[in-house]
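Take a look at this one; I'll ask things after.
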Amino acid sequence: MNGFKRDLLTISLFLAGMLLLPRCLTNEYYVNVLIISGLNAIVAVGLNLLLGFAGQISLGHAAFYGLAAYTTSILTTTYNLPIIAGILAGIVLVGLVAYLIGIPTLKLSGHYLAMATLGFGIIVYIVFNETIELTGGPSGFVGIPRLSLFGYSFDSDLSYYYLVVFVLAIVLMFSLNLIRSRIGRALRAIHTSEKAAQISGIDIARYKLFIFVLSAILAGIAGVLYAHYLEFIAPSSFGFNHSVLLVTMVVLGGMTNVWGAVAGAFFLTMLPEFLRAFENIEFLLYGFILIVCMMFLPEGIVGGIQKLVRKLT
Amino acid sequence: MLVLGETVMVLLDYIQFLISGLTVGSTYGLTALGFTIIFNTTGIINFAQGEFLMLGGMLSVFLLKFLNLGLLPAVLLAIIITTCVGALIERFTIRPVQKSSTINLIIITIGISIFIRGVAMLLWGKDTYALPSFSGDTPLSFFGASMHPQSIWILSITLVLLCLLKFFFARTIYGKAMLACSFEKKAAYLVGINVQRMVLFSFMISALVGAIGGVILTPLTMTSFDVGILLGLKGFAACILGGLGNPFGAAAGGLILGVLESFGAGIVSSAYKDAITFIVLLLLLFVKPSGLFGQAEVERV
Amino acid sequence: MLTIKNIDVFYGKIHAVRRASLHVRRGEIVALIGGNGAGKTTLLSTVSGLLRPAAGNIVFDGQEITRLGADRIVRAGISHVPEGRLVFKPLSVEDNLLLGSYHRFSFKLKQEITEDMEAIYSMFPVLKERRKQPAGTLSGGEQQMLAIGRALMARPKVLLLDEPGMGLAPNITQEIFKHIVSLRDKFGLTVLLVEQNARSALKIADRGYVLETGRIVLQGPAEELLQNKDVQRAYLGRDITDQVEISNE
Amino acid sequence: MDISILECQKVTVRFGGVVALNRVNFSVPAKSITSIIGPNGAGKTTLINAITGFVSCSEGSICFNGQDISKQPSHERGRAGVVRTFQNLEIFSNMTVLENVMTGRHRLVNYSFFDCLFKTPRYRAEEKKCRQKAGELLEFVGLPDRWDVPAGELPFGSQRLLELARALAGDPHLLLLDEPAAGLNIRETRQLAQLIQRIRDQLGITVALVEHDMDLVMSISDQVTVLSFGQVIATGTPLEVQKNPEVIAAYLGGEKEA
């Protein structure tokens, strides 16, 4: 009970803070950065469920992000379907693909799983680039309609920002609820000891598949929101580098904590905006963060702070 | 006659595909070999393996162009520097965290690879560089198919390197000691092998092999700061194709992958040549994760 | 020659050896016996440097070796034949023996090493027959001979033997024990032997120590221990009839 | 004795060419404490692994409550009520003590994915019940406090008890313990002996254990089975087994070879 109330409180605080944030900004452009951060955070929270809680790596999550984005773009633009249909189709398709890929893939572990998800990501990336009639190829897909739902059009960046924050808050709430349930316990059990999990009656294959699909769906939700926000998408946003960036966000924020992924996503998305010379050292810095985090701070920023607080009190 | 002519043409094409496939495939094989050497002594998959190839090529270009060294000294120096980088990686990032879980080690080596790539980009920018061929660019004719002289260099150096490694692991006590570490670590300690040092050596040898692969490939394909990604991934794919942990399976996996890719590009579509690699790989992983030449033991990791 | 003083060893979180002390004199065969889980293997692994003791010290030939790495201890002259044999299965028998001489290997010594290898072959002729075979294809007894041969290739002064009879038929164990005795008689090799099979170990040993849950509970000349009823207790637990009598009183 | 809850017949397990268990017949009478003993490498842990499905047997049948479970995956056996602990402790170190036990109750907590997303009343009721039960069990095994600390921070002896509590949380019919006393001191071992007896007497759960501490085995067992080289060489009461010359030979070395 206690944990539940605390979650509700933190999420309300987070929501309030996020909603007030744009008022403190001097430059409208930053709303744009915040939206992208929020979208990345949605993917990262999902990836964290897989990576941090269930202990299964995916180096192909950007592919799910992109798959949903392209599906809704193609359906709503080329085929003029209503946006809501495009969005649903995008999310459902991603779930389906994750399910089909997941059945054989999740039998693998460690290096094999990393390789399989990575290979999947690269195949999808190549398909985005090469099916030019469908996707527009490397130069991108243009003319995607801006999101409008139930007659309301999210034309201003600010309204879109509120939408993204709202979705993120719901995703967070659900994730926290999930973690504190028997399902969350089963996932964490699989992470530490598959043997002991089995003995407790947990069907590990089923749970791995479940969380893989769920995290892909979250990536899909962020993907459709991304497409209908930017109105333009290109394969380069959904490649191997982006998959690695997503993993970096989760690792940096802290794999054992739902909030870690959010912190990591906002930090790494906004960082380039604040470092002028960043473009040149971007990679270098990401690499450095990954190494240092894994070596000295395996629980990430949020996990590290929590530990510190616990030690002090 | 027309039909016969066409058959000959097709045959010629096939020979051409085979040659270019084997050429590229041998660099995949070398990369895969690098993965295997480290994996066998430590159980780690070094996702930064591709960067050794990049460093080999880029450093050669840099030493040749900007320091005005001759081709041979530049290449040799580049290989030596890369080998040292391998040693540094082991000493400062792998050794302190050896007991970490697989997932953490994967993330660390990915971090290393991004870091090295970042440094390379900072130093040399995003341009593409060329390295002169070792012996001119005049194509040689081979059963009517044309062949770049560098291909011969690549094939022969790969072959020599394979033989040397085979000799090292099968005939010298140090090679055997290195294998011993992977088979039975505890017993390796007990016969007086300094396992820690063997791990260091394995990183150095694998960096060396990677650098040589990078150097010989560069005159044919050019190089830039990010060539390591795809080369590394394909090397890893070759590794799994041949059976993780089996050095000669890895080399064979590389050749098979190269040929497959070359035929795929020639017959199906060049656009999907990279996809072919990974589709084959995924299918293999689903059907037989132990690889074509591996034992049925997947739970090594 | 080898003195262990008051060592405490943790195996993971388990306090496996508690303040154990023992000593082995030159040319002696000392048996370390006790039920499973008593800490025998842990104790041996600590001597050979695979594990670090939390407290206490180990002195060998007047030199403190408590904190040396395993490779340095082999160099100092202690060879350990590990529990479960741990031969390098994919390597040939010959390579296994060769690696036994790893710490002293150099091209100059090649002749000498080949001679040592021949000596091992004459001791275990079956290994010579199979010298090109991968060690993994050998039977359990042959692997045990190989493991001992590999350890001897290091030319040790002290041999630590961990359960050489485990999983082997009694007659093969007997044969291996015979070899151990003859090694001591011929070369003055010192042996610290860990065995579960208390009787056969004590039969070849000069002295023995009985370990129970990490503590040395009994020690003495081998013949005395053989007669001692408490040794059986250490293996099969307190005699229930005793307990019953006590509770009836 | 009473009817058997578990009946292994001619169970054979091979690893590569090695026969780890050779036509083992082993039965556990309901509501009993049955011990499996034997020298190192005799196949004791392999037998537990075969019963819980971590190794598959190449021949033979394992019947639990009259039903053949030898082909079922581990988690289904767990759900059927065959639960175990591990020699090297497999606790969930990333969870709190209480959560560990709650995880053990996984199969008995009954709500859906949507119940937990929206924290429906059903979720709350079930979680409350689960937490309560977990608390009771923690008290039962003797861990009355520190439920909110990460399980990895508990001392070793407490982790053993925690693992026991987790195993009990699934309301098992048969509890298999793999060397429960390993690493415990004498006082802790004595407590463990009492606890095992309470598990049988108060909870009515059948217990089978592999153990090296013979004082423990002989004092609490109703029946002892002795394995050697993958074969059963004796079964009987502790007294019978202790006097059995074949058993003494297996442990101390036979007389016949002299």
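Chains: A, B, C and D, in written order; residue numbering restarts at 1 for each.
Note that a residue touches a chain if its C-beta (ideal position, glycine included) is under 8 Å from a C-beta of that chain, and two chains touch if they have at least 3 such contacts.
Bear in mind the structure is a predicted one, so any value in this text is a computation, not a measurement.
S.K.: Farthest from chain A in C-alpha centre terms, which chain would that be?
M.R.: Looking at centroid distances, C is the chain farthest away.
S.K.: Pick the pair with more C-beta contacts: A-D or B-C?
M.R.: Between A-D and B-C, the larger count of C-beta pairs in contact belongs to A-D.
S.K.: With centres defined as the mean C-alpha position, give me the chain A-chain D separation in Å.
M.R.: 41
S.K.: Could you please state the distance in Å, as a whole number, between where the Cα atoms of chain B are centred and where those of chain D are centred?
M.R.: Whole-Å distance between the two chain centres: 49.
S.K.: Hey, how far is the Cα centre of chain A from the one of chain C, in Å?
M.R.: 56
S.K.: Can you work out the whole-Å distance between the CA centroids of chain B and chain C?
M.R.: 44
S.K.: Strictly by the criterion at the top, what is the full list of touching chain pairs?
M.R.: Pairs of chains that touch one another: A-B, A-D, B-C, C-D.
S.K.: Residue numbers of chain C touching chain D in their complex, please.
M.R.: Within the complex, chain C touches chain D at residues 12-16, 35-38, 163, 166-167, 170-171, 174, 196-201, 203, 213, 231-232, 235-241, 243.
S.K.: Which chain D residues qualify as touching chain A in the complex?
M.R.: For this pair, the touching residues of chain D are 52-54, 73-76, 78-79, 83-84, 86, 90-95, 99, 102-107, 109, 111, 113, 116-119, 123, 127, 130, 166-167, 169-170.
S.K.: Name, in rising order, each residue of chain A that touches chain D in their complex.
M.R.: Going through chain A, the ones touching chain D are 4, 174, 177-178, 180-186, 188-189, 191-193, 195-204, 256.
S.K.: For a test of understanding, state which residues of chain D touch chain C in their complex under the given definition.
M.R.: Going by the criterion above, the answer is residues 39-41, 88, 156, 159, 179, 182-183, 185-186, 212-219, 229, 238-239, 242, 247-248, 251-255, 257-258.
S.K.: Enumerate the contact residues on chain C facing chain B in the complex.
M.R.: For chain C paired with chain B, touching residues are 48-50, 69-71, 74-75, 79-80, 82, 86-91, 95, 98-100, 102-103, 105, 150-151, 153-154.
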